[in-house]
Amino acid sequence: MLGEIKGINEECGVFAVWGHKDAPQLTYYGLHSLQHRGQEGAGIVASNGEKMQVHKGPGLVSEVFKKGEFERLRGEASLGHVRYPASGSDNGFADWQPLLIRSETDSMAIAHNGNLVNANGLRHQLESQGSIFQTRSDTEVLAHLIKRSVYPRIEDKLKNALTMIKGAYAFAVLTDNQLMVAQDPNGMRPFSIGRLGEAYIVSSETCAFDAVGAEYLREVEPGEIVIFDEEGMHSEYFTNATSRVLCSMEYIYLARPDSNLDQINVHSARKRLGKELAKEAPVDADVVTGVPDSSISAAIGYAEEAGLPYELGLIKNRYVGRTFIKPSQELREQGVKMKLSAVRGVVEGKRVVMVDDSIVRGTTSKRIVRLLKDVGAKEVHVRISSPPITHPCYYGIDTSTKEELIAANHSIEEMREMMGADSLRFLSIEGLIKGIGRDTDEPNGGQCLACFTGNYPTEIYPDTLHPHDKR
Amino acid sequence: MLGEIKGINEECGVFAVWGHKDAPQLTYYGLHSLQHRGQEGAGIVASNGEKMQVHKGPGLVSEVFKKGEFERLRGEASLGHVRYPASGSDNGFADWQPLLIRSETDSMAIAHNGNLVNANGLRHQLESQGSIFQTRSDTEVLAHLIKRSVYPRIEDKLKNALTMIKGAYAFAVLTDNQLMVAQDPNGMRPFSIGRLGEAYIVSSETCAFDAVGAEYLREVEPGEIVIFDEEGMHSEYFTNATSRVLCSMEYIYLARPDSNLDQINVHSARKRLGKELAKEAPVDADVVTGVPDSSISAAIGYAEEAGLPYELGLIKNRYVGRTFIKPSQELREQGVKMKLSAVRGVVEGKRVVMVDDSIVRGTTSKRIVRLLKDVGAKEVHVRISSPPITHPCYYGIDTSTKEELIAANHSIEEMREMMGADSLRFLSIEGLIKGIGRDTDEPNGGQCLACFTGNYPTEIYPDTLHPHDKR
Amino acid sequence: MLGEIKGINEECGVFAVWGHKDAPQLTYYGLHSLQHRGQEGAGIVASNGEKMQVHKGPGLVSEVFKKGEFERLRGEASLGHVRYPASGSDNGFADWQPLLIRSETDSMAIAHNGNLVNANGLRHQLESQGSIFQTRSDTEVLAHLIKRSVYPRIEDKLKNALTMIKGAYAFAVLTDNQLMVAQDPNGMRPFSIGRLGEAYIVSSETCAFDAVGAEYLREVEPGEIVIFDEEGMHSEYFTNATSRVLCSMEYIYLARPDSNLDQINVHSARKRLGKELAKEAPVDADVVTGVPDSSISAAIGYAEEAGLPYELGLIKNRYVGRTFIKPSQELREQGVKMKLSAVRGVVEGKRVVMVDDSIVRGTTSKRIVRLLKDVGAKEVHVRISSPPITHPCYYGIDTSTKEELIAANHSIEEMREMMGADSLRFLSIEGLIKGIGRDTDEPNGGQCLACFTGNYPTEIYPDTLHPHDKR
Amino acid sequence: MLGEIKGINEECGVFAVWGHKDAPQLTYYGLHSLQHRGQEGAGIVASNGEKMQVHKGPGLVSEVFKKGEFERLRGEASLGHVRYPASGSDNGFADWQPLLIRSETDSMAIAHNGNLVNANGLRHQLESQGSIFQTRSDTEVLAHLIKRSVYPRIEDKLKNALTMIKGAYAFAVLTDNQLMVAQDPNGMRPFSIGRLGEAYIVSSETCAFDAVGAEYLREVEPGEIVIFDEEGMHSEYFTNATSRVLCSMEYIYLARPDSNLDQINVHSARKRLGKELAKEAPVDADVVTGVPDSSISAAIGYAEEAGLPYELGLIKNRYVGRTFIKPSQELREQGVKMKLSAVRGVVEGKRVVMVDDSIVRGTTSKRIVRLLKDVGAKEVHVRISSPPITHPCYYGIDTSTKEELIAANHSIEEMREMMGADSLRFLSIEGLIKGIGRDTDEPNGGQCLACFTGNYPTEIYPDTLHPHDKR
């Protein structure tokens, strides 16, 4: 369930517009629908072809942007970003994206979703050549690589830079004359192209197309650079050794249910995962409930397949914000709750199937089992709509270190006992692939399964910074 | 669905603690779980038996209270309030509740949920006798009546004052020595008593008991004053001409699904309303969807009874806050959306049953039908889990004036056409009573049905201020 | 010198406009020039003859009012107030003035400068009759007295109320139809009437007339009510047992040098006080310096009379604001300074006459003598341009309790030694009267000298609250 | 008088501490006393020898820093900066100084007072080599030059960089192991070294030494680099072609009266300028007044020399802050004033000598003459304690472009007529040199007189950006 509770910090979201007179406003609404991908900071760069303006800062999109900002942010091209925390940092302004670089002659803005695995070494080398870094972000590494490239054409500078970086990424680069977007050779992060009248839209998720009234065109392909300029849309490739292995966690928990990832609807995929789970791990029970919000679809699928009633057994308080005061240990022990409540009227005396999407550290599952038992659940059967997470992710899903991953260190029976459940079952890898249902012959069903299998689709280096440290 | 969209402004919430060393903190968490009853302002008064401190202001509970406030707010008794907008007012501080009245000799704090129907006349009379009012709230009317009462005992002053007011109300009065709570003779607003160790809790909804780990004790009865003081809990009655007619809208849309109102679970009641609706108004369709959040339970009930799959056909954006910039008319027409999105992957090509809890002005229903059709729904059948609202409410549910109530001015077929639905059906009054399922022989099933029938349980006066004007 | 350093908290300021289309804006600029009379809070009420709007809050005038406020504050009549701290209070909004009272039928706003000596008893009596007080201010006592008066005419209600209060006061009352201002029978607080075209202005000091381009008309007389309405300006008296004894401290330190108090210019009066002081207490020295800002005029006068050069021996840091972080004890001992610096280049090796306007607790004088000696002053001769303060003030000048008044408890020689000065002399009472130079035969020169003599011009009651407690 | 009124934007201030356990707090108090050199932004970097922390932002020192910041800003070395506006910029955080540069291996912080004349070309060249600039500040140019220098020792990197820049500058560079400060070869900006126990202090003005209890040691010499490290204080020179030509405007109006510049006290110098002016340009008059605050010393000197009384003829409102609402044109014409008032009681019927320190655009002088005449001054004789400013400054005093300089385009008689004065006289260049009184044989008395003579002490390039554009 909830990333912030169990340690999966959500990723970033990128949204860009090319060729619309209200580009910055559209970007605001687009980012707003990508808000679930990053609630800690937001930024928009607007370009009128001659000058770029930026506004960014910490907080939700609706907190960072006030109406007045859009008197300054003007132009037909715009690039926006939402991101997860930059904790431990004191750089303030510089830490938020997009990164805007102005020189005497031109301007360039960059935004990024993903994580590089060789940023550390590249940064070291650039600094030794006299480059000054303002942030610790991968985005700035790309900026320096572009800036130092000797190719005259900006497209070639970008390609040149991309050949030097490795990892999972979806980059958007806005210059005075064009918008360029790029995917890593494995296409690990979602990145889609849409159309709104004459304008082009690029977004990390398709739900943002619906939010602004745009229609879906196609995906940005692995290894592809798509360029939007005054002549329209062009495509180039900076590598041809590509294959699509889209991140499984996007389907399992991260993306919005109304998004389509590589043309597969997320809610439907999750419902299928629930159905597969019901087939693989049935149980004799009275009601099925899901952990709001990300597990609801899977719970409905499970209930439907199992022929059991789906109930609102857990309620989430919507008003827990940044400034919420956490209860003291003493009050917590007395029963003061924050976000989730179990619904006694639904659960009391019942055998409950509790469907969750994944388990990272296991602490949340334990808490939820207790919540349900406290209001009188007779039995609690935990069903997880994904396989056990046994390996850390280096591509932008912040799943803690291996030591913290409960499934990397415990058997399923141990985990069941730790969380106090009457039974615990995970979806199999086959069930996962089948449930997502990508129409492909590739071995993993075209998915990155590294966190379940340890088979990473790129090199991992000794000095690959753990995402925690890179923030 | 959402009050703020369709014009039902949410009510207030009251929460009080007597006899707990962390009373103000508990009140914070209690109010937090009543946040859905009023997002516009919050306040807490703390009493240590000698002195009262108050903190209140506009915004969510988590916005109004910072950690530091609780260094000042101390004591074993506490009274809190959340409320809906005080638009048009510029009184700032004074407008938020609880109202704290300090004199040379003692202090008194009052908070209120409901609406008086004779406040206007009482205020007039009090002002002509030299009383100065700081606000336009009913709460201050009660305060002046208590203050001017010649009875020596505070309990008798309160009873004396209550005999002069009419309407729907749940009052809590905190003095230096006791906490007193009172219900109107018709028991129209929910008000429950709980217990946490040696302490007593009073709350507008029972979900707040779960939030702080308290157990439910009983309801405050119609016409009852319950007094908590150093000798424990006592009960007195200020009238014996009482009967319970609890507001139906509390069950239908206002209360939280995990609350029990007069011992009936709200989620279960709503699910039963959905089932009754499916029996009364079946339809040949492919999927059932509900309008988040308040109609989900009814939609699940409908789906279960009808044997149709329940799907997430509509997604609500959780991040629309106070400061969200509304799209311009032009952008709205281009398709920019704010709160709700229809999920194409679920709805496209389908015959959809869209369950909503009620219809006030009809504009939201129209918009949702269009959202669903825009993403390819083949048919949209609107099913409302309550009867048509044909009369304004004078008891605290702000349902606009009669002119604005679509069902007061149009036939069902006209409404269907206006909203572009393929069919439209409402639940019957019998279905409503049966669905809520209160175990009673009383004619209306012990419910206030005034907004559906026009049979008001109290007098209504020519000068009864419309709630809009009273805010 | 500085009130906040030595314990004289500054008074309040009142400014009102009748009959100008930009009344609220003029009030803003008027209050701004009265800012020295109260930096802790500000407020403006505007009336368009039908409705009153208020905006008030903590902080400087320029902090409390943003441009946007004046879209709401409109009308041809306006009443404003600046005030000193309301420490210990948590009433927020209600504590700032003007106090605005709205009833069903009309509105009334009140602002006040001064202090009542019988407010305590009046409040007690009003509360026992059922009145509810929102604040602890004298202003609200007057409001209740007016509201409860049985006279039909508002002017008579006000007169009736004024007969019940005692102390030093300058009240302004704005109703829907008129502006009324009143002085206490002793005329202790300054209050002047000005004219700007067809409009009338009332202000605590005449410097505000210059600030808005108005011309001086006359003083509000002791015991007088001046009424401004659609027929112009009228005068009535609520008592005829009157005599003017204007507060001496207004001349000595409180008022702005460019104001005229009862037609005597403050800078010129102070310069004369300095000259008298030079005659009474000459000294063989090299330079004269004054403590900025309030003692500069007296220092110039002293230098001129003594034939010595006047120098900037002490510099005040202008940027010490509300949020300034005070140095720790350790850093203070190492020599870290905050507000005042002595100028080594001017003082080193010199025999310095340091002129200050008054001494309350003596701690500031001690600090300044040390500052001067630390940068090399050979001798420091302290000259005070007023007599020793030996009695507390009950009329609005917050000069601490008798225990804290250094001159009430020590001889001049003791004081000299405590502050480490080479000599210390105060102005005599005769010198004070002569220096101020009011053209009158009355015994005290028409001044209130209570803080120097203990002869209070009104009754003082056992329960007269010390101003500290009344805030 | 006031820079912001007449167009001389104040310069920057630099303050650093080496070797004191409360270094960041001392920097706070030091910057506070340099606040007059820049009110628009402030910043402090603290170093504990291993890690640097920064806090900076827009506003006064007391606004930017809250107490809590000093829990994070810790260490025995600290570097601070106050600066003038960065208008037109939207870089937020990055624009304030010190500039903090962190790399994988070490950290460096830089702060600067002055202006480079060849920054433009250097930036161009650096960008063409791949450097990315975050700001438009000269400081960042130096940072890149240091970073790209191939010398291994940091001192040599700094020297190497300094050989490439031209203009007026006082730089402070803090690394993990040392504090380095440097002056341009002409020593145009003030920069002094002080001592506080074992610690060293560097400051733009000596008033900051008094503020923190430090004693003055010596100046940083033209062309000198002074290095503070664990072995104490060392001196090196990066050039030996040096001569001191300290900015005259520092004496005339910019520095604080209690500072000594190159060992000359500023108040005393100004007083001498006033005396010289009285000798050169006497006039038959009744009173002398100065424009607060910067012209007071000169006015006192003029009065003393002329044997005329010095009076407070003009009062400055201290409370005009950032958020002050400017009066509309209409209200201004009616006489609404903002900052300055003339004191009628002092000026009426008098022949007034009004001493001001300098004239840039002439608009302020015109306004003041009118203020004085409006309150009845019989004659107004304007005396300026510096020569006419006829040439723009490229060294950090922001005196507008040549077109805007009134004295560059008009004769003295024309100026007199434009401002409505009865006479107007400026101090001569000889009087200026004599008044400042530096003990030197050098032709200009060791002063930069470029703004009066056009003889610039460095090269000026065709592409030298006007300071306006560089902000």
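First chain written, first letter: the chains are A, B, C and D, and each begins at residue 1.
Everything that follows uses one rule, which is that a contact is a pair of C-beta atoms (placed from the backbone, for glycine too) under 8 Å apart; a residue touches a chain by one contact, two chains touch by 3 or more.
Small disclaimer: the values here were computed from a predicted structure and weren't measured.
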{"item": "Path length in steps (a step moves to a chain that is touched) from chain A to chain D", "value": "1"}
{"item": "Chain labels contacting chain A and also chain B", "value": "none"}
{"item": "Taking each chain's C-alpha mean as its centre, the one farthest from chain C", "value": "A"}
{"item": "Chain A and chain C: spacing of chain centres that average the CA atoms, whole Å", "value": "62"}
{"item": "Euclidean distance of C-alpha centroids - chain B vs chain C, Å", "value": "50"}
{"item": "Chain centre separation in whole Å, for chain D relative to chain C (CA means)", "value": "36"}
{"item": "Sequence positions of chain D contacting 2 or more other chains", "value": "none"}
{"item": "Category of the chain touch graph - line, ring, star, complete, other", "value": "ring"}
{"item": "Pairs of chains in contact (touch as defined earlier), listed by label", "value": "A-B, A-D, B-C, C-D"}
{"item": "Complex interface listing, chain A residues touching chain B", "value": "22, 25-26, 28-29, 32-33, 35-36, 39, 60-63, 65-67, 70, 196-197, 207, 210-214, 256-258, 260, 265-268, 271, 293, 296-297, 300, 304, 309-312, 315, 317-321, 323-325, 327-328, 330-331, 334-338, 341-346, 375"}
{"item": "Chain A contact footprint on chain D (complex, rising order)", "value": "53-55, 57, 72, 90-94, 101-105, 120, 123-124, 127, 130-134, 143-144, 147-148"}
